[in-house]
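Accompanying notes for the structure given below.
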Amino acid sequence: MTIAPLVRRVVSLPLLWLLAGFLGTTLIRFAPGFAVDERELDARLTADSVASIRQERAHQTNPVAYYLSFTGGLLSGDLGVSRTLGRPVRELLRDRIPVTARLAGWGLLGAWGVALAAALAPVAWPGYGLRTVTSLAGGLILSIPAAVVALIFLHGNWPREAAAAVVLFPRLHNYCSRTIDHVQALPHVLLARAKGARPVSVLLRHILAPALPQLIALAGVSLSMALGVCIPLEVLCDVPGIGQLAWQSAMGRDLPVLVSLTLLTAAVTMTANLAADLTLFALGKRT
Amino acid sequence: MRTRSLCPPPWRNRAGDSLMNSLLHLRISAGYTGRPAVLDGLDLSIERGEILALVGQSGSGKSSLALAALKLLGYKGGWVRGEVWFEGVDLMKLSERDMRCYRGRRISLVLQSPASSLNPWLKLGTQFREAWVAHRPEEASLWRCHAEEALEWVDLPADFLNRRPGQVSLGQAQRVLIAMAILHKPALLIADEPTSALDVITQAGILQLFARLNQQLKTAILYISHDLLSVASLAHRVAILEQGKVVDSGGVDEIFLYPAHPFTRRLIAALPNISWADSLGGLMKGLRVVDSEATMENGPAFAVKDPFAVKDPTVTASRPDLDSTIGIL
Amino acid sequence: MIRQFLLVAALALPVAGEGGGTLRLCLRSEPRSLHPLEAAEESSETVRYLTAGVLVRINRQTQRAEPELARSWKITDGGRRITFQLREGIQFSDGSPFGAQDVVYTFAELASDELRSPAADAFRTAPGRVSAKALSEASVTILLPAPVAGLERLFDAVAILPRAGRSLDRSVLGPFRISQHQPGSFILLERNPHYWKKDSSGRKLPYLDAVRLDIQQNREIEMLRFRRGEIHMINKLDPELFERLAAEEPGSAFNAGPSMEPEQMWFNQANGSPLPEYKRAWFGSRNFRNAISHSIRRQDLARIAFLGRAAAAAGPVSEANQYWFNRQLKPRQHDPKLAKRLLVSDGFRWQGSKLVDRGGHPVQFSIITNSGNKTRAKMAALIQQDLGEIGIDVRITPLDFPSLIERISRTFQYDACLLGLVNVDLDPNGQMNVWLSSSGNHQWNPNQKSPATAWEAEIDHLMRSQAATLDPERRKKHFDKVQRIVWEQEPFLYLVYKNALAAAAPSLRNFKPVAMFPQGFWNADQIVVSSTVAQSRR
Amino acid sequence: MSLAQRIAWLLIAVIVTAAALASWIVPASYDRQFRDEIQAPPSKAHPLGTDELGRDRLSRLLHGTQVSLLLAPAAAFLATLLAALAGTLAGWRGGWLDHALESVCDLTMSLPWMFLLLTVRAALPLDVAPMTSVAITFFLLGALGWAGPARVVRAGARALRDSDYMLMARAQGYRGWRLPVWHLLPGLRPVLTAQFWTSVPLFILAEANLSLLGLGVVEPMPSWGGLLKEMESLPAIGRNPWILAPAVVLLMTLASLYVLMGAKEEEA
């Protein structure tokens, strides 16, 4: 890989990011129920009040105008005010990002640990049917709804991070195990074993290291996966994080929050993928 | 970390074992789960200091045999049953941990594809070091010295240790692999089609190298190939593998000039006709063994034990025009 | 055993010097606003109920207005003016005195144009402003632009604020004040040390040291936490969870009888709806609506969807509303013969087993309902089969709430809607906007310029007249009539009233759940969490 | 064929046959409510008991299997196909096209698609036939689920593009679109099959979640996703373990497919 495309990507990233925000705004704006507020159904309110509640959302109906003013505010660090929670979006994010980061971070760490272990185990101890066991376990967990996993962990009073790890594990395991199987079939692994190299060394140096590029690419994708998993987990377990906020705002069509979250997701996704590519580039240069 | 002393001295004979006299005696069946056996009651032995060529069609189980001897077939999703006697020990009964003491130390392996047999992520030096430390952890610091010595054996300069696999040519890579294989001066070197990926000139160099190792280090070599020409020039003995069994075996001359088994005959007949057989004979004759270091360097490309240290006169008689062929060569 | 113990415990109060413990329960959503005048939905209203002092409190058990911060009141000027005599010697939680100026300030705030909340709107019955005037330090008079029947009840929702310049968070008059708020996670209320009420033995209320409100949406988890002893009380328990609890811990399951919240279904009769003419004709026909109503097995809805924890409904007011319930109306019975007769009289007929209308259009319509509500989904499926039996093809479409609201209030692209209504006000005036044909909350045909039908015109008239008179008897008569018209015409098909179900830990004393908001903790100032029992549970 | 494979084939055959013959082998239609037998335990009349509305669970399971077995793989196939096309194109052509597709992937992975699904629901008439609405759901899921896999495919295509056998193909005179289609795609088969099988259960579950938005399978039609959602009331499972039947069937199906797929790969 040459450096030119990477440079181009880094340069175009902010534009792409802004585009993501705009597309998000448009999607949300044209979703049904955008302009409604649950309070409208409250029969205790007078017609004037309902009219004024309706009015509140009127200025957000033109997506272009709204997005322009939003990005204008963005420059000064102002993300607007949540229309369902009535608090500045910046405050909401500040409170909630660390919560989700912890959940997703530990979840990813755990999931990666288990997925790698499950992918490496059949390689280290071939012939015990471990591969069947791990892929069945992966399949089993994959077919349990994330909500059910969350509930199981709640019933057991086990940490939510572990639930995140369990939900993420099968999604990572499949790729991990495929990549590692692929690498372990390469002659150099066989030769390393024939040299009498210690199993740990075989696993780390001869299998894991060459599999690194694919694993890093997956790591980039896994970050956005983790964000996706956080939504059901946080909603069910009532973790006051980004995922819960996303769900609540989606239900309330809370445009300022949702656009901010779209931008946040886009930033995470894009930087993760870019970081993966940059790492690959750096590694590629070494070999 | 385990120390070496925990490994049983593998070369100690166990008295009373009929199979202990051979360096390696295989009596195995092997295969891959869910498919018919690849090796089926195979019986093969190799003596100390001998070069045994194993010949067979592709798919006849040659490579499986190489892996089975090292008990590595499991890593390829295969199984082995039977006995693998090496220096009086049945390797099949050893634990994976004990087995590791043999791999690379007493039995080494060289594979067909030098390019992919080296871990592209590690410097050659690192890979040498690993090979050394795996068996001599107590002398870890001496790895460089031994690696350089091994490289010298294969005519490569010491600065190769600083290179990465991507920075060496195919032939050089194969030499590196061989150097790594002889690092511990093993009793047996299994070479699974080591030259098939190389050009003719490089091939010749590698074969020459094998011959020299055999002679000077007294390393027995199990040379697996379907390249009859190289087999003829290198091996002392040939075993023919067909459908998982050794169907024919004997000295090189016996097999090539008087193939007995129908399959062997077919194999030989498949060689490009008379001219091929002629050149084969010529080759065998011409490349008389050159023993001295001097000839190694200046002499012909092949260094082979003379297959024509003949007992049977008919052999020469039936090939009257051999001398002229030598001229051509 | 537990039950017996509870009976004893109910009488037991904390020994002097011993705290009443921390009551823990769950809110089902983050409160939209903690400003007591802005409270509009259940979570905010819960916080308001627990923290705010009001002039008049509706006793949740007797459903009568009782003096609270006001010692007494007098309504004059034909219902336009109310004059309160305030209790004296009351302090805010920060120790500052409460007086007439605080009430005046509160009503000045309430009259602010920006404020859009049910509490404020209740006073905006006519153009003009509410004005409050202090007559003395302990007496206030409040003048409304127009007479309001049952005026005193409105003050149950008006939290008295401390006069300008004092912290809203710290100065409250209710039994508790907010001590910690972790958005999205919990609200911790602590005991108001200056709360004015005392129990009969002269001990200061509330008994509880604190109330912790955890924000918890998921009902299963709420139940789980209850079983673990992490929370002490669940209000509005789902029938399924109630059954489970009743089976396993009968002493913890409480059924306060039918609630005030009906489940109802209505057909789209909106003027601006894009429905085809023939569908308008069906939905506009009383016979059609009655026929549908007679085809639904309300008993099955109660028995299956609510596991028996509901009662068939006849009208907009449930028997839980002691005064306004119209006892003469009975829920419509499942009567397919009558239903068929009604349909035939409207020109419907059967082709095979399928019902078609006069023009040959097969009778098929969709029912929209909000998604994610299991009980309602079950009701919909039951209705689907019931109507299938008389040859009507019903499609069920669950929609997320905003989409649903958009359809029923903006685009009118729907046939029928199944929804539950929250009724917090006992008084019919609270339902005014539902019944006036000109109102936006007149769901089946909102915002009419003039009443579309004679019976809607009559409802309009009756509702206005009941609001115009102060005589409770006459009001009751008018509203009974409204209920009868609604029963006859069925613009809303009332289906069931679910029971007010609750769970309470054995460690709770003085727990007396009612059907009316806030069900389990209406007497929060008297509830005690017994630490001994709580420990033994753990 | 190994024993595991035989068992796998057998299981698949049984499940598919049972689903196909659902209407004949079950005691009652999937939407028939036996209102006097609610939440009944398994019996002769109802081998898997009845659900909360008194509907026969076995019947719902088999009909749900029909729906899910038909549509989830279809959606997975669509997603994989799109991923294959985009990934191959990007990996093959490289340059600006690669760059553009990379960006589109990034965008696709970070946009709130839920709102598109809601908008589609709003655009559809309310009384579309249940099957149509399910099919649309799966179609949308398939159409939106390509971005992640596309990245993986792209990486694979990249590697293959520079491989020897592509060179061979070029040497044989293949050119234009034939090259990627006939030579690259087959080379990517392992990646694509892996992708396909991983996404099948994910689509099944996604459908269940979409029911929440009114876009999934609607009453009274059953689907695996909807049946799996019943597992959400965990304590109920303790008393009625047969609620787990759909999960077991899904797991058996997946396990069998894994076994068969694994065997296929070994052969390849």
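Letters A, B, C and D mark the chains in the order given here, with residues in each chain numbered from 1 onward.
Just so we're on the same page, contacts are C-beta pairs under 8 Å (C-beta built on N, C-alpha and C of every residue); 3 or more make two chains touch, one makes a residue touch a chain.
All values derive from a computational prediction rather than experimental measurement.
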Chain located farthest away, centre of chain B as origin (C-alpha): C
More contacts between chains, A-D or C-D: A-D
Most centrally placed chain, judged by C-alpha centres: A
Cα-centroid distance, chain C relative to chain D, in whole angstrom: 43
Centre-to-centre distance between chain D and chain B (centres being mean Cα positions), rounded to whole Å: 51
Whole-Å gap separating chain B and chain C, where each centre is the average of the chain's CA atoms: 89
Distance between the centres, which are taken as Cα means, of chain D and chain A, whole angstrom: 21
Chain B: positions in contact with at least two other chains: 77
Multi-chain contact residues (two or more partners), chain A: 31-33, 151, 155
Shared interface positions of chain C, touching two or more other chains: 220, 400, 403, 406
Complex contacts: residues of chain C adjacent to chain A: 29-30, 32-33, 40-41, 116-118, 120-122, 124, 182-185, 214-218, 220-221, 224, 228, 400-407, 409-410, 421, 424-425, 430-434, 439-441
Sites on chain A touched by chain C in the complex: 31-50, 52-53, 84-87, 92, 95-96, 151, 154-155, 157, 235-238, 240, 244-245, 248, 251-253
Of all residues in chain D, those that touch chain A in their complex: 4, 98-99, 102-103, 106-107, 109-116, 118-119, 121-122, 148, 151-152, 155, 190-191, 194, 198, 201-202, 204-205, 208-209, 225, 228-229, 231-232, 234, 247, 250-251, 254-255, 258-259, 262
Chain A partner contacts - residues on chain B that touch it in the complex: 67, 70, 72, 74-77, 79, 96, 100-105, 108-109, 111-113, 116-122, 126-127, 130-131, 134-135, 164, 166, 177, 180
Chain D - residues contacting chain C, complex: 31, 33, 35, 38, 52-54, 118, 121-122, 126-128, 130, 211-214, 218-220, 232-236
